[in-house]
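Chain IDs A, B and C follow the sequence of writing; residue 1 opens each chain.
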Amino acid sequence: AMTKTAGCCQGCLHYVFDYETPKTLVIPSIRVGFVFRFTQFLVVLYVVGYVCVVQKAYQETDSVLSTVTTKVKGFAFTNTSDADPRFWDVADYVVPPQGGDSFFVLTNMVVTPQQTQSRCPELPNPSTSCVDDCDCIEGYSDPRGNGILTGLCENYSTTVKTCEVISWCPLEIDTKLPEHALLAAAENFTVLIKNSITYPKFNVHRRNILPHINSSYLKRCEFNRTTDPDCPIFRLKHIVSEAGEEFQDMAVKGGILGIIIDWSCDLDWWARKCNPQYSFRRLDNKNPANNVAPGFNFRFAKYYKTPDGEETRTLIKAYGIRFDVVVHGTAGKFGIVPTVVNLGAALTFLKNKHKITHLNEVADTETVSDKLNVFTRDYQGLIFSIFPFSSRLFFCQTADKIHSF
Amino acid sequence: AMTKTAGCCQGCLHYVFDYETPKTLVIPSIRVGFVFRFTQFLVVLYVVGYVCVVQKAYQETDSVLSTVTTKVKGFAFTNTSDADPRFWDVADYVVPPQGGDSFFVLTNMVVTPQQTQSRCPELPNPSTSCVDDCDCIEGYSDPRGNGILTGLCENYSTTVKTCEVISWCPLEIDTKLPEHALLAAAENFTVLIKNSITYPKFNVHRRNILPHINSSYLKRCEFNRTTDPDCPIFRLKHIVSEAGEEFQDMAVKGGILGIIIDWSCDLDWWARKCNPQYSFRRLDNKNPANNVAPGFNFRFAKYYKTPDGEETRTLIKAYGIRFDVVVHGTAGKFGIVPTVVNLGAALTFLKNKHKITHLNEVADTETVSDKLNVFTRDYQGLIFSIFPFSSRLFFCQTADKIHSF
Amino acid sequence: AMTKTAGCCQGCLHYVFDYETPKTLVIPSIRVGFVFRFTQFLVVLYVVGYVCVVQKAYQETDSVLSTVTTKVKGFAFTNTSDADPRFWDVADYVVPPQGGDSFFVLTNMVVTPQQTQSRCPELPNPSTSCVDDCDCIEGYSDPRGNGILTGLCENYSTTVKTCEVISWCPLEIDTKLPEHALLAAAENFTVLIKNSITYPKFNVHRRNILPHINSSYLKRCEFNRTTDPDCPIFRLKHIVSEAGEEFQDMAVKGGILGIIIDWSCDLDWWARKCNPQYSFRRLDNKNPANNVAPGFNFRFAKYYKTPDGEETRTLIKAYGIRFDVVVHGTAGKFGIVPTVVNLGAALTFLKNKHKITHLNEVADTETVSDKLNVFTRDYQGLIFSIFPFSSRLFFCQTADKIHSF
């Protein structure tokens, strides 16, 4: 037994430190070698050229965390026939006021002042017109209507009678929307966008106000792709036109405009670059076939109280442009794991020559059939590893012939 | 020297274009071959079946950028004993008004009208009740209280005396919350959700209003999983019930409801599909053990001025359902890098047979021990590559025996 | 032919079930074996130590979906010379009121009450001061100004004359910002943050109110990294100081503060942990060189109507701290695909010994040159697979010599 264990341990040592290597055989054929080298070359080309250069697959990535503040500047004066002349500043036309990453600039509206909780005849349309009270079911409320029926049939005008409803009266008539935007001047408003980002995994912090920008420049600058690409102050008209839209058109019915800030970064020391790229795109559908509620609008109200304590409100159907600041980006930095994974995986294809079997004995003869065989075998090497069986059968003819040597 | 370099160059050429291949040996044993093929088969099965079909690991992916607009429709009429009859429309019950991806629908409330900056006795509770002024420290403010103590002890009612506070008076008594939702009718409100998404990497743009939908359909349709799965108009009651909740229950104390739109896309030409999938889930905890501030509510105020310029406000503690539209999704498209990586990596396991060493000489004998050996060696092949040392030692017994041939 | 096909099929069977293995040769040299084992050891070390333990590359990941509600508590009393004493509660100082994932706490302000649509002289500065009406172009509006010029030159004070403008008058004079925050008491306000998250791929749902927390604890607790790390109630002052800022400084000009909740989870059964980690960071730039609009502020207005129906407003330039709750995180769970990919890829490097060619015949001799060769060959093995040609040429000297055996 003693000797046995000794023998074993020796054997073990043997196994641990013996160096194994397959016996190989060289086929000194330029042609064959070339074919083999060429396939290798393709793999190397793929690894170096595509994986490394194009895809940067050696990097590990992280996606961006961002915060945005926006501040709109500018004022307008409206003087239309159907409303009093009025002066507009930021507090009037920006909703919501706290400059977040999504802000709405009022450009057009339908105002219905002096609404009170009361009763008034419905707006005339086939479903609301009536002849006498019998046509109006008390308490019924038509989803497409504006209130709850009182059961009475009243004169809407000298010619039309409609059912009376309980609602905020007078009712809003949103058909008379100005076809020229009320706040056309909004196109000259400017917005300052402050954006700070973080790549938590790499502990990288950046701002869209770059270090080289000084405050005097910021006071007067305005974003322009060619002259001022780093200025974070944007003229609304410029944003819209860069998105391929016409401000005045968009201002009438409203819309949604994306201010996309791309923070894609390459953080490797040999390619330090991490600057914001601005782009602009209309996010809602301009004029869709299925045109339900085109553009962008919403209703809000200002509530007042009359001296005698009655509540009144001014209903505003606000049309305008909502600007969404969308920040996205991916940071890449050299990582050992992705490198090894991609390299390693690619290398498997470098190995695909170990597929010639017992043909070796004849391989250094230079017959045509032989060259064919070697070639097929090389080819076989690649696809074989993917479909072992099929390819084998495909090649069995040749192989069989050779086998019967 | 001349000849030397010439020799070298020749040698180099030799090396560059010689074709190498390991000498191999065939063991014509069905059993052994089968074992080997079977392991190969498993790998292939894994690659084709799982990696490609199930995991789609050959795709590169991108995550979604999205914008959402929502528009709620509907009105209600409340006529309760403790408040005047009132008509409610969108401008009254939706907060905030600008239809973003998160909107709150008011369903229940505690209204405290006519609040002014003044003094009034605290609401009675152990910490606020007092006998005389000595019990009320002037200027002290109890975090759980409603104002700053004036130092006086006043009659809250004929029976109870409490410390007087400076605050918005009268104080809100939020214990008398209606146990039936005030705006029960909210369950029939509908919301139109417009959602545009982008996969920047693949430059793919989509809307949740699909091309085949026309506006006449949009005017009358309502989302229903079976009959109208593509209609972007949702009845609030339907949303809540799909989330497994009862609207009227939820309406009393409020809650948060997620409208989840899944935009997972397979953009490969052989499987073009990229449609939104709607699902609904309650996002807050229904009735947690640790029930602090259950449901969802917040306070806001409407500010008025009396004719004599004094500021008054109506404080509203708003209970209701906040609907969060959560858009997520991943697009996949065939990419050469992930394909090669996954395939290549899997292939390494195809190679795990190159592990038989100097047993070859005996491998074509058909003894039992031998078959065992071959099998163990095959097995060894797989785990060996992971733990070279251990497995070696494990097999050293056998190996040693054989080695001593 | 008959026999031929039979022969073929036999050949096929042969090919399908024969077991192939390369003839190998053992070099019983401890030194050489050691070199080879050492390289193997490094690979294994990398796979086990780094890929598995550090990088957890065997996991597939998913990123978090989250919803947040916030509820601020606290009140303040301001009693300054230039304004009436006033009591502030949540409805007064939190904007917007509906507790979402971003809320603003008012700490300082410039109030301009009783503004009406009218005319008043501009604030004096070089561009607005005038001598007579000729200096004021009617209808012109200076972007840096406050309104549209009427063309008149009026007395701003007894000493200064400035152009008159149409605007909301009186104009806001935002230079007289209190240098001590008006709502200094805001530092003692508390905020309850409720955060529910989901990892859709793994169908995992979590809340930041952990199961072991009971409501009595929640009523009195306050977040503290050491004593109460799981309490979701935060004192504003504590948040700010953890972010390395001084509340009272920040309160004067305002700023943006990130409450970052990290939900990184390891969902494998052997390492179940999925708890929120809170951290706090100032997101805007404290005192940048390019100091345009430092801090954080915005303007909003409360609109009133005078008894005679004229609209007046109180303009508030609100300075304060915006708290953004930023939720991020990645969940990892064992996945077969990433495991195989990473393992497989790493294994390719284990194979890099199959590189010795026709030196085998001499390999068991123990000459110095030989050992060198073996070593170089091993080394060659690794780099060769990456740059086949170059290394070959590099080694051709040696090789050539040997080749000429």
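Here is the rule we go by: a contact is a pair of C-beta atoms (placed from the backbone, for glycine too) under 8 Å apart; a residue touches a chain by one contact, two chains touch by 3 or more.
Predicted, not measured: the structure shown is a model, and the values here were computed from it.
Arrangement of the chains shown, judged by which pairs touch: all-to-all, with no pair of chains left without contact. Looking at which positions face the partner, subunit A and subunit C present mostly different ones, since fewer than half of the interface numbers are shared. Overlaying the C-alpha trace of subunit B on that of subunit C calls for a turn of 120°, given as a multiple of 5. Inter-chain centre distance (subunit A to subunit C, centres taken as mean C-alpha positions): 17 Å. Taken residue by residue, subunit C touches two or more other chains at 14, 16, 20, 22-26, 37, 63, 96, 304, 307, 341-342, 344-345, 347-348, 351, 354, 357, whereas all remaining positions touch fewer. Those residues of subunit C that touch subunit B in the shared complex are 14, 16-26, 37, 40, 44, 47, 63, 65, 67, 69, 71, 73-75, 77, 84, 86-87, 89-92, 96-100, 190, 192, 194, 196, 200, 207, 209, 211, 213-215, 217-219, 302, 304, 307, 336-337, 340-345, 347-348, 350-351, 354, 357, 389, 392-393, 395-397, 399-400, 403-404.
Residues 7-8, 10-12, 14-16, 20, 22-30, 32-34, 36-37, 46, 50-51, 55, 57, 63, 95-96, 102, 104, 117, 141, 143, 146-148, 166-168, 256, 258, 260, 262, 283-285, 288-293, 296, 298-301, 303-305, 307, 313, 315, 318, 322, 324, 326, 328, 341-342, 344-349, 351, 353-358, 360, 363, 374, 385-388 of subunit C are the ones that touch subunit A when the two sit in their complex.
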